[in-house]
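Both of the next two complexes hold chain A, though its partner changes from chain B to chain C.
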Partner chain A sequence: MEKTLFEKIWDAHIVVEKKNGPSLIYIDRHLVHEVTSPQAFDGLRMNNRKVRRPDLTIATMDHNVPTNNRTLPILDQTSAIQIQTLEKNCNDFGIQLFDINSPNQGIVHVIGPQLGITLPGSTIVCGDSHTSTHGAFGALAFGIGTSEVEHVLASQTLWLEKPIPFEIRVEGKRKNPHAVTAKDIILSIIKNIGTSGGNGTVIEYRGDGISDLSMEQRMTICNMSIEAGARAGLIAPDEKTFEYLRGRKYTPKNYESLVDYWRDNLKTDSDAKFEKKYTLHIDDIVPQVSWGTNPGMTCDVTESIPSPEEYSKGDQNQKRGAEKALEYMALKPGTPITEIKIDRVFIGSCTNARLEDLIEASKVVKGKKISSYVRAMVVPGSQMVKKQAEELGLDKIFTDADFEWRDAGCSMCLGMNPDILSPGERCASTSNRNFEGRQGTGGRTHLVSPVMAAAAAIAGHFVDVREMDLN
Partner chain B sequence: MQSFTKVKTLITPLDKVNVDTDQIVPKQFLKLVQKSGFGKFLFYNWRYDDNEQLKSDFVLNDLKYKNSKILVAGDNFGCGSSREHAVWALQDYGFSVVISTSFADIFYSNCFKNGILPIILDSKTVEKLQQETTEVEVDLKNQIIKTSSQTIPFDIDSHKKKILLEGLDDIAHTLLYEKQISEFEKQSKIPSVL
Partner chain C sequence: MKGNVIKYARDNIDTDVIIPGQYLKVHDYAELATHAMEGLDPNFHSKVKEGDFILSGRNFGCGSSREHAPIALSHSGIKAVLALSFARIFYRNAVDGAFLLPIEIDQDAYCDISEGDEIDIDIHANQIKNLTKNKTYTMKPFSEIIGKIIEAGGLFKYKPY
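This part shows the complex of A and B:
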């Protein structure tokens, strides 16, 4: 039978299959962080259970670590306890931990690929919804809750209902690929299919608009699959994928023989059936800016804030949602996006804090200063990204423009550490969620690409970055 | 895990769509290292004002819903972050049933690990339930919801139903498949990390 890539990976990981009901699926890689794991380790202790495969489990601390001055103690006592708890749990159960002082520390979805832990054709889980990021390598990767974290620690498996394969084709060529980015592609997709458009599915992104992208750009696409409600996003591996993973710290010794196998097997058969399909043509897409309180509430930078009627197209529930969103965001319908002033800029997160993101943003910033009323920060996705960027002199470009240059972590994407918005502050953010209070209680988030965020920092309001010379 | 059979209470109507888990329990409360005590943080930014006083216009603060165990909300409930703390907060607060037209996948799965029954119904029925002013009975064994005027059947996967009815320990059940897991590992192509 002809199969999709997702079905091939799924079938290759079935341990127990039942006629009706979920299958027991083997998990090849388990990534662990400080926030969603303490209760799972406690559960193991209470039941006198071990971690079945510590050699398939990797931990780091990213969600609540401070991003400035790592030599100082962590002031927030509850964060400090959570970090110490992870250290103790990894020590007790024999798990490799990249702690706050490790050169390999960083956002779990940034370090996985950088260290060669993420592999094509594998199953990867983490107690974090943005685990979908690793799908860029042709891995079946998805977020799980803490009970499932405990289940994987104890058994290296999960009971799962088989999701539906969803094909999203991205066709065409962007006219200005420096200004119209992978972030704009995925925001356009979510705007069109909605935040629940992918519920119950695994998306496979296909087409020349995807194969043209670099690995880091593909990660941005797969990362936000969860914002469309999908359990996972996948891209079939190609030579770019194999090259990216070659020679990394944990790349397997038999890598080339694995590559030979992946090259032949990890692709959707030509007649395989997708139960759902959507196509985005990208020839004419422009930079995107979110205006509301979910990532589907997004429009072109050239547009104005829509009215709730326009946005909801007759759906009363969506209309009420849009009214509440505009009230929360303190925005009026009809206001041009480029007239929205901002207070803060955040370049960071598992969506957009890789080296390429920082290089692109630095081109906008170079030789300029940020607006006098804006506070802006760059939080590299990992300490490795930070080091590479510093070797290229990017830190200097950003700090000369009055950006803050920080250590790695999730930081203001979710504001669990001291990096938060104050009530009422408006932020141009390269992160993935513009939910109410996400970046700080009362804070207002606009999701944009790294170049759009950088351009907004300079201007003090949103600008169409296509008007700047980025080559 | 606590088992679930039947509840009969008033319905708490939450007239919102796309309720994300950041709203169900905001990030500043994710730092606890235990599972208990999250109820007081449920819908924190909607329930409390800046001075940590209860907001009178939020439905959970209406005293008549104090003992309600059934929450009925709009489309796509529980979207966003995978945080199971959202389910722990609902459970600790006192809810054991959540009804919506659709749920985000991870939230839906987390419910069954914690004795909470998520029920999916069509939008007309959900809207009607939100207007219900007398007690409603949710009976998992018979898969029905009884209101004062009608009986509404609902679907649930038989495996998930069993987990809730029996309060099964998922891990103990899985570890019975040790032989199959070991055999799988012997033929796996993906090598260890270290």
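This part shows the complex of A and C:
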């Protein structure tokens, strides 16, 4: 039978399959961080269980680590306890940990691929919804809750119902790929299919518009699959994938023979059936800016804030949602996006804090200063990204422009460490969620690409970055 | 299972309003409960009673994988969330830890049931009775595995064989 890539990976990991029921799926890699794991380790202790495969389990601390002054003690006691708890748990259960002082520390979804832990054809889980990022390498990767974390620690398996394969084709060529980025592609997709458009599915992104992307750009696409409600998003591996993973710290020794196998097997058969399909043509898409309180509430930078009637197209719940969102965001229908003034800029997160993101943003910033009323920060996705960026002199470009240059972590994406917005502050953010209070109580988030965030920092408001020289 | 309804007539109630990120460091569930729904409804903690249900629209619980979301609701006294649809991770978290029942309802029930209505949920008959309005609605049956995990009392009590 002809199969999709997702079905091939699923079938290869079935330990037990129950007729018309769930399957017990084997997990190849389990990534662990400090926030969603403590209760899972407590559960193991209570039941005298061990971690079944500590060698397949990797931990780091990212969600609530401070991003500056790391030589000082952590002031927030609850954060300090959570970090110490992860250290103790990893020590007690024999799990490799990249701690706050490790050169390999960083956001779990940034370090996985950088270290060669993420591999094509594998199953990867983490107690974090943005685990879908790793799908960029042709892995089946998805977020789980703490009970499931405990289940994987104890058994290296999960009981799962099989999702539906969903094909999203991205066709065409962007006219200005420096200004119209992978972030603008995925925001366009979510705007069109909605925040629950992918519920119950695993998305496979296909087409020229995807194969043209670099690995880091593909990660941005797969990262936000969860914002469309999908369990996972993946992209068939190609030569770019194999090249990216070659020679990394944990790349397997028999890598070339694995590549031969992956090249022949990890692709969707030509007659395989997708139960759901959507196509985005990208020839004419423009930079995107979110205006509301979910990632589907997004429009072109050339547009104005829609009225709740325009946005909802007759759906009462959507209309009410848009009214609430505009009230929270303090925005009026009809305001041009380029007239929205911002207070803060955050370039960071597992969506957009990789080296390429920082290089692209730095082109906008070079030789300029941020607006006098804006506070802006760059939080590299990992300490490795930070080091690579510093070798290229990017830190100097950003700090010369008065950006803050920080250490790696999730930071202002979710407001668990001191990097938060004050009530009422408006932020151009390269992160993934514009939910109410996400970046701090009362904070207002606009999701944008790194280039747009950088341009907004300089101008003090959103601008059509297609009009800038970004080459 | 009888209780009164707290209704949020909107879609996409996300995990960050159910329990904001700053509280993910809180390990005491009673304290966590005092911050439930804080982002959306600052009065939630004072009005919720043991045994209440939440009723909402599409894609309830979208966003983060934080199990703190169903835990915070459960420890506030919420026994079930009735919604037009759920985000997957919230749904599994609710069931895996036996925190609360995620119940999928249809437009009829969603539109008809009002804030404060007393309802009676029968998961074996897949039926919801509105005792205030004297009406009956159907709920979407649980899938086989979800039904069995619920019956067992959580993922770790579920015995597949």
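Note that the second predicted complex is superposed on the first by the 471 of 471 C-alpha atoms of A that agree within 3 Å, B and C clash if a C-alpha of one lies under 4 Å from a C-alpha of the other, contacts with A are read in each partner's own complex, and residues count from 1 in each chain.
In this section, a contact is a pair of C-beta atoms (placed from the backbone, for glycine too) under 8 Å apart; a residue touches a chain by one contact, two chains touch by 3 or more.
Quick caveat, the model's predicted, so the values are computed rather than measured.
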Touching A:250 in the superposition: chain B (first), chain C (second), both, neither? first
In the overlay, answer first, second, both or neither for which of chain B and chain C A:117 touches. first
Which partner chains sit in contact with A:128 here, chain B, chain C, both or neither? Use first/second/both/neither. both
Scan A:179 for contacts with chain B and chain C and give back first, second, both or neither. neither
Applying the document's definition of touching, compare chain B and chain C: which contacts more of chain A? B
First (chain B), second (chain C), both or neither touched by A:21: both
Could you look at A:100 and tell me whether it touches chain B, chain C, both or neither (first, second, both, neither)? neither
Contact residues common to both interfaces of chain A (with chain B and with chain C): 16, 18, 20-22, 24, 35-36, 38-39, 43, 47, 63-64, 76, 78-79, 81-82, 127-129, 143-148, 150-151, 159, 161, 195-196, 199-200, 226, 229, 231, 294, 317-318, 320-321, 324, 414-416, 433, 435-438, 441
Residue positions on chain C within touch of chain A in the complex are 9-12, 14-17, 20-22, 24-27, 39-40, 57-59, 62-67, 85, 87-89, 92-93, 96-97, 143-145, 154-156, 158, 160
Under the definition above, what is the set of chain B residues touching chain A in their complex? 15-18, 20, 22-23, 26-28, 30-35, 45, 50, 74-76, 79-85, 87, 102-106, 109-110, 113-114, 123, 157-159, 170-172, 174-175, 177, 180-181, 184-185, 188-194
Which part of chain A faces chain C closely enough to touch in the complex? 16, 18, 20-22, 24, 35-36, 38-39, 43, 47, 63-64, 76, 78-79, 81-82, 127-129, 143-148, 150-151, 159, 161, 195-196, 199-200, 226, 229, 231, 294, 317-318, 320-321, 324, 414-416, 420, 433, 435-438, 441
Going by the contact rule set out above, which residues of chain A touch chain B in the complex? 15-16, 18, 20-22, 24, 26, 28-29, 35-36, 38-39, 42-43, 47, 49, 52-53, 55-58, 63-64, 76, 78-79, 81-82, 85, 96, 117, 119, 121-122, 127-129, 143-148, 150-151, 154-157, 159, 161, 163, 195-196, 199-200, 226, 229, 231, 250, 252-254, 258, 261, 294, 317-318, 320-321, 324, 414-416, 423, 433, 435-438, 441
